[in-house]
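Here chain A shows up in two complexes: once beside chain B, once beside chain C.
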Partner chain A sequence: MNIQQVNISENNFEQCIKCTICTVYCPVVPVNPDYPGPKQAGPDGERLRLKRGEFFDESLKYCLNCKRCEVACPSGVKIGDIIQLARIKYGKKKPKLRDVMLANTDFVGSVATKLAPVVNASLALKPVKLAMDGILKIDAHRTFPKYSSQTFESWYKKNAAYKQQSYKNQFSFFHGCYVNYNYPQLGKDFVKVMNAIGYGVNLLDEEKCCGVALVSNGLINQARRQAELNIKNIRKSVLEKGCPIVGVSSTCVFTMRDEYPHLLGVDNADVRDGINLATRFIYHLIDECGVKLKFRDGIKMKIAYHTPCHMEKLGWAYYSASLLRMIPGVELQMLDSQCCGIAGTYGFKKENYPVSQGIGASLFRQIENSGADFVATDCETCKWQIEMSTSKKVMHPVSVLAEALDVEETIKANAK
Partner chain B sequence: MSANGKSDGYDVIIIGGGATGAGTARDCSLRGLRVLLIERFDFAAGATGRNHGLLHSGARYAVTDKESASECIKENMILRRIAKHCVEENDGLFITLPEDDLGYQATFVKSCQAAGIDAEIIDPELAKRMEPSVNPSIIGAVKVPDGSVDPFRLTLANVLDAKAHGAKVLVYHEVTAMIKEGDRVVGVTVVDRKTKASHNYYAPLTINAGGIWGHGIAAMAGAKVDMYPAKGSLLIFGHRVNNIVLNRCRKPANADILVPGDTICLIGTTSSHVGFDEVDDMRVTPDEVDLLLSEGEKLAPALATTRILRAYAGVRPLVASDDDPTGRNISRGIVLLDHEKRDGIPGFVTITGGKLMTYRLMAEWATDLACKKLGVDKPCVTMTEPLPGSRDEDEMPKGKSFIVKNPIRKSLEGRHGELSSKIPSGNEYDASLVCECEDVTVGEVKYALSELDVNNMVDLRRRTRVGMGTCQGELCACRAAGMLAEAHDCTKKAKDNLANFLNERWKGVYPIAWGDALRENEYAEWVYSGVCGMKQNDLR
Partner chain C sequence: MKFDVVIIGGGLAGLTCGIRLQKNGVKCAVISAGQSALHFSSGSFDLLNKLPDGSDVDCPVEAAGKLDALHPYKKIGELLGFYADEAKSQLIGCGVDVVGEAGANTYRITPMGTLRPTWLTMSDFTAFPDGNSLSGKKLLIVNIAGFLDFNTKFIADSFESRGAECRIVAVSLPETERLRLSPTEMRAPNIARALEPETVLAALLSEIKSRSEWADCVVLPAVFGLSDLAPLDYMRSVIGKKVCLVPTMPPSVPGIRTQLVLRRAFERMGGVFMLGDSVAKADLKNGEIAAIYTENHGDYGIKAHCYVLATGSYFSKGLVARPDSVVEPVFGCDVDYEKKRADWYDSSFFARQGYMRFGVVTDDCFRAVKNGKALANLYAAGSVLCGFDALQQGCGAGVSMLSALYVADKIMKG
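This part shows the complex of A and B:
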């Protein structure tokens, strides 16, 4: 018997050859000595945990789940997943009230939207910030994203839904919590661009938060329920209606494509390829389907593009950058791909604040020195972090496109 | 005092630093004898460190060798008490596969009970829940009080206690001749393997605890002990597949025990007769690897797709009693030879046979005989007196330590028990890691270098698990070599040591070098030859 050909390890963590490149790329290691780094927390730690669960180390909570370790790994080890799964399996610390609040973007968002003026005003007040800092341990330095008084969904139903069926191409927009509760303008911008190139925008029958914040805060069962609901509705859209799913948040898209199956055990194999990111979707339409974008004259701006961690993991920063470069008069600088430090809800927690800002420090310096008019990025939490930590505004590439677009000319160019 | 007046003040010289020799040194020194323990290489470097590390319940021998079985279960229970930092109380299952005769189970359980082993037939479904890695097609299961035991830790703990009671220990010293006055053995000639200097030591009694090498030692005294070298090969897997020892419920055969031990698990063994010319350099053959894997899969199918770390082989010190070509049917029983009575050679005793499980009992027998010959009347206390590391004392002090990570603290405490309080960890350097796979700190290496008779990196591995993890020395070896160079104030020696260590690691990887194991070793070779500048001919 030639056993060498059959005895190949199926255990992903055993493919680690200890080269330690992951630890070099980990943004947490240089700023937090309490974090053992991805190699030790991941494949090394897994052996010890298989020996006995008591070898689990609570310091695994310092992992940002940025996945930069996985991008760096030459052996294909899913280091971030190993760490998240270990936290799910062995972590004993129950999520605190604060974690539950931060993680439930859907619920908190739907309440806050109804009371938006009051919520926004109070969240900006110093006493409120100090109270949240003291009681909830949400760092007082943080600026909360503003809540919109009208959700994207209700705007869409009133102002956009009726005319979408007139377009010859259709797709479904996974708007995510941020667009719905905090920044409907991004959703409106996306509808504007897509309508101009002849694409009708549909919403899913129902969508819930992708669950990324629930996973990182240890609310796994709720995350799984939401993932199942999302995949059910995505399946209906992709398989029954033939409408692909497009999102504007790199993290939502990454989570639904790549985290559902192995972190939450929700199978998405039949629809995974049908879940796409806005900039990549548009790029492919231009590149392969003859879609054209026409821009206004006289644009002159310098944009610095920041690659969010999950965008790096997806490998898709190229599409956003290429689209921005299509706008005449745009000078684009690619910032060094590095973590901004916020990592979703991580940076909001008081205990993580110094680490969070320490991770982002070199990025903030590069942004300040860039001379850019503003920063573009595909992730909403990176936006909050950069706007709080630098003097620059941050825009989504789709919003930049929408602003630069000559709608009339674009419609004409795509009507042929 | 020997016959012609020479004396080093020793009552007894013990040859062999395996579990038996170390155990005998401990027992003798606890009974007030002045002991010299001589080991040719390092503690546990022979058969002691080259077996399953199985804390036998005795069930394996119950049907064929009741005496061994009842010795095993008694020693099993004693070791749980006196050596708890060396023992994991995992339990064991004897499983019956569809190809096995389920009828054997009844005989097996009856024999176990007769030997005093608590064997309980359980529902195969329950067995699968207890040990999810077990072959799902099992038709029968018996639960027994098996476990695992770390032979390196166990031997060292005996040495430490012997030293604490006045024993002198010489490692890397080889006995080259017996000094005789007439027929009587009065001492030994010893060569220091490092300096090549030769020295004579005298004592009224010499105990041969040389395992398979005891054959040659006895010959030096003019006695003939017919040893039967039976090679047993094993495979180490990269992590634990099982947490309960898995055995086949049938007559003992090849590759029918899977033992979880520390971070890894082991499948073994094979059994084949080898010549004495081979016992110093055992190599695992491709056929043995094939056999171990194909039989191992039957116990736990996941082994087929688990990374193998290395392969190794040991030699059972069986005492030949018949002409069985496999060595399987020879008794594993203890053999104590009083050469005065047997061969007319006073002053010389051989303790052999037995197995790791019964090392303490072997030591007790040998010490009883030594006491009788030396006119000492003291009872044995080793069955109740805990070994150093297993005493109920405080472990690492938490306040002053820089070790904040749970796995590191647990690893150190697991290896050294209450002696972990001696490991320096009061600054960041001492708390940092040398070996990342097994969580060995700088402080632990320092402690080993200063207090645990470490001469080289292989010794260091036996004391601490440096280099025993998946990287097999790739990251830790150069760090450890640096510390060794510092401790011994000699870079050249440390570099030679590093090369030896890496070659020793490679020897174990070679038989299973494919897939990720090969990839990792290629990377390690690149690190050492490409980055660290080691010469190609240093690395074989």
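This part shows the complex of A and C:
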């Protein structure tokens, strides 16, 4: 028996050689001295926690779960997973009402869309913001994303569902909470692009929030239930219907591919390859399957692409950047890959606001100095953070494609 | 995904190769599993300091002729001097400011304060022409209070043994004291980051200046300039007398900056750098690599005309030691190693260690060998190669850069 092959623990904390490179790339360490850094919080602390759980340190809550430590680690240690699992296993602090509200994007979204005009108007009011700041500890600087009065799902059922079966190829769209409740336009853009290249868009029988916000707010059981439901429906689509799953949010896709098995213990090995991100899916169709995109004439724009943390971890920024570069007249600048500071619901919490803005400061400076017309990124919470903290608008690469696309020509080019 | 060349490994060898190719219009992708050993850089690049018999080298280019046939420099042969100059000018062209010549070694200071021969030294540091440069000098050794990776006493002892007079002081600011909350994480890059705001740096420098009147030269740990050289220039102008930086224990601030600068240069030329990914498997057809598959890109293969294995040595898992063998895990290339494990190492820690010479077998032009046959489109460069002992011979950086440039030119010539 080869002892070296069997004495490695699941999250391989013992392979850490204490080089501290992870700490160099941690976005929290330079701005929050209360956070001991990924090496200390992760593999070092794990040794102590294995001895006695009471060595768990509440300061682990300052971890953003950005996974940049894992991307940097030369030894392949799953530092971010170690920290998040320790929070799940040993954390004693119960989620507050605010955390439950922020985490339940699904439930809050479905109520808020019904009352969208009222909700949007009141969330923008100063007294409401101050009340939320004072009572719920949701920072008053934050601008809540607007809720749409019609969900993406209901738009789809009324306007798109009936014609999808006419396309030769089919896939299932995991729209996520943001597209459904806040910004159905992104979903419509995606349907437009996919239909133009001959792909019919289906929805899952049922989809729940991927659960990323539940995990980070400590609502693990609920996260696991939602993960199981999603995987069940994903299995039905991928294995029974042969329809791959495609999402537009890098975080939803990352969570379903990697956090489900690593943090929630929900096995997805049989369908993981079938869970894809929109830009990667489209890039692959062009690269390997002969799909063509045709663009309108006269486009001229300068775009700065921001790599969200989970996109960096997925390693897929190349796909989004390559697609944007295919549009004639686009000048693309890749911004330095760094955390914007929002980390989902983290930045909404009053106690995290200064840290959140401190983390993003150098990114915001680079964006302001870029001279770009707008920023493109695959993550909705990065979009909120950048739009709040800079003068630039942020667009999803799929929306950029949809706007630049010559639909008639694209349909013709892919008809053969 | 399709590229002209895919380079596996994003350290000194991988980036050196990628930059030369990309500069000449060859479309490259670098796949890097985590950050590289450049984070452990001394701030200098060695070409050749000692021969295998232990004799000192003054002129690396001449002495290289005396190396045995397996040494990577022997494959570069007559072109060694040419590629050494190319390596230097490529570094400078990318923004890594270095001094030194391949014809004559100079001396660098180690973290322990001793002097060692070297080839190129970054402008952060001082390259001494010989070992006697410190004699009669009054040196003020300044540490940041609480910083454990800078051994002031060792450094003072070493400098004093060379005839210098030393005094040691520690300085602190609220911003550096804050780092002491996590004493194990008070490392050079964290200090460098704390000193990034100009007001903080100015406060530290005025404290240092006020205590340095007595000294001819101020000795400081290399904790300045994580992303660019501006803090160093500022520091030298404020202190107003000779400043001698000493490298710290890792992580290395100048090393991290070098990694960043080289990666940016590569990307600016249009290269694609994929960090945090590793090759999971490769398709081999007719003695060639047809495609590779990585952890991140899964079933979407990556294709190229040529591949370069620049995965480094044991630290970065370019070589993996098993109980009874040493293997190259990406392609399963042939590795030259002693069959008896007892011959791998010497129980005397400071003696020459056998495992240092192990590495991937290549043909005359660095094409990697698998099952006794060179693969037609897979080259190997850097510390994954066999036949040299980077520690004993002081040739690690030289082998990395020179083999990488040589391979890049081979690929371009076809």
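We adopt the following convention: the second predicted complex is superposed on the first by the 405 of 416 C-alpha atoms of A that agree within 3 Å, B and C clash if a C-alpha of one lies under 4 Å from a C-alpha of the other, contacts with A are read in each partner's own complex, and residues count from 1 in each chain.
Quick note on the criterion: contacts are C-beta pairs under 8 Å (C-beta built on N, C-alpha and C of every residue); 3 or more make two chains touch, one makes a residue touch a chain.
Keep in mind that this is a model prediction, so the values were computed, not measured.
> With the two complexes superposed on chain A, say which partner A:Leu50 touches: chain B (first), chain C (second), both, or neither.
Once the two structures are laid over each other on A, A:Leu50 reaches chain B alone.
> Have a look at where A:Gln164 lands relative to chain B and chain C in the superposition and call it first, second, both or neither.
neither
> Return first, second, both or neither, reflecting whether A:Ser249 touches chain B, chain C, both chains, or no partner chain.
In the superposed model, A:Ser249 contacts neither chain B nor chain C.
> Could you say whether A:Ser399 touches chain B, chain C, both of them, or neither, answering first, second, both or neither?
neither
> Taking the superposition as given, does A:Val24 touch the first partner, chain B, the second, chain C, both, or neither?
Only chain C is touched by A:Val24; chain B is not.
> Examine A:Lys39 and indicate which partner it touches, taking first as chain B and second as chain C; both and neither are also allowed.
Once the two structures are laid over each other on A, A:Lys39 reaches both partners.
> For A:Glu14, is the partner it touches chain B (first), chain C (second), both, or none of the two (neither)?
So A:Glu14 only meets chain B here.
> If you lay the two complexes on top of each other, which residues of chain A touch chain B in one and chain C in the other?
Residues 3-4, 17, 19-20, 34, 36, 39-40, 44, 75, which sit in both footprints.
> Quick one: which bits of chain C touch chain A in the complex? Just the residue numbers, please.
That would be residues 1-2, 33-37, 39-40, 178-179, 181-182, 184-185, 187, 189-190, 193-194, 250-251, 256, 267, 272, 274-278, 294, 296-300, 315-317, 322-323 of chain C.
> Going by the contact rule at the top, pick out the chain A residues touching chain B in the complex.
Against chain B, chain A makes touches at 1, 3-4, 6-11, 14-20, 34, 36, 39-40, 43-48, 50-51, 54-59, 75.
> Mind pulling up the chain A residues that touch chain C in the complex?
Going through chain A, the ones touching chain C are 2-4, 17, 19-21, 23-25, 29-30, 33-34, 36-37, 39-40, 44, 70-76, 273, 280, 284, 287-288, 312-316, 318, 334.
> What residues of chain B sit close enough to touch chain A in their complex?
Those residues of chain B that touch chain A are 238-240, 260, 262-263, 289-290, 293-294, 304-308, 404-407, 410-411, 436-437, 439, 469-471, 474-475, 514-516, 519-520, 523.
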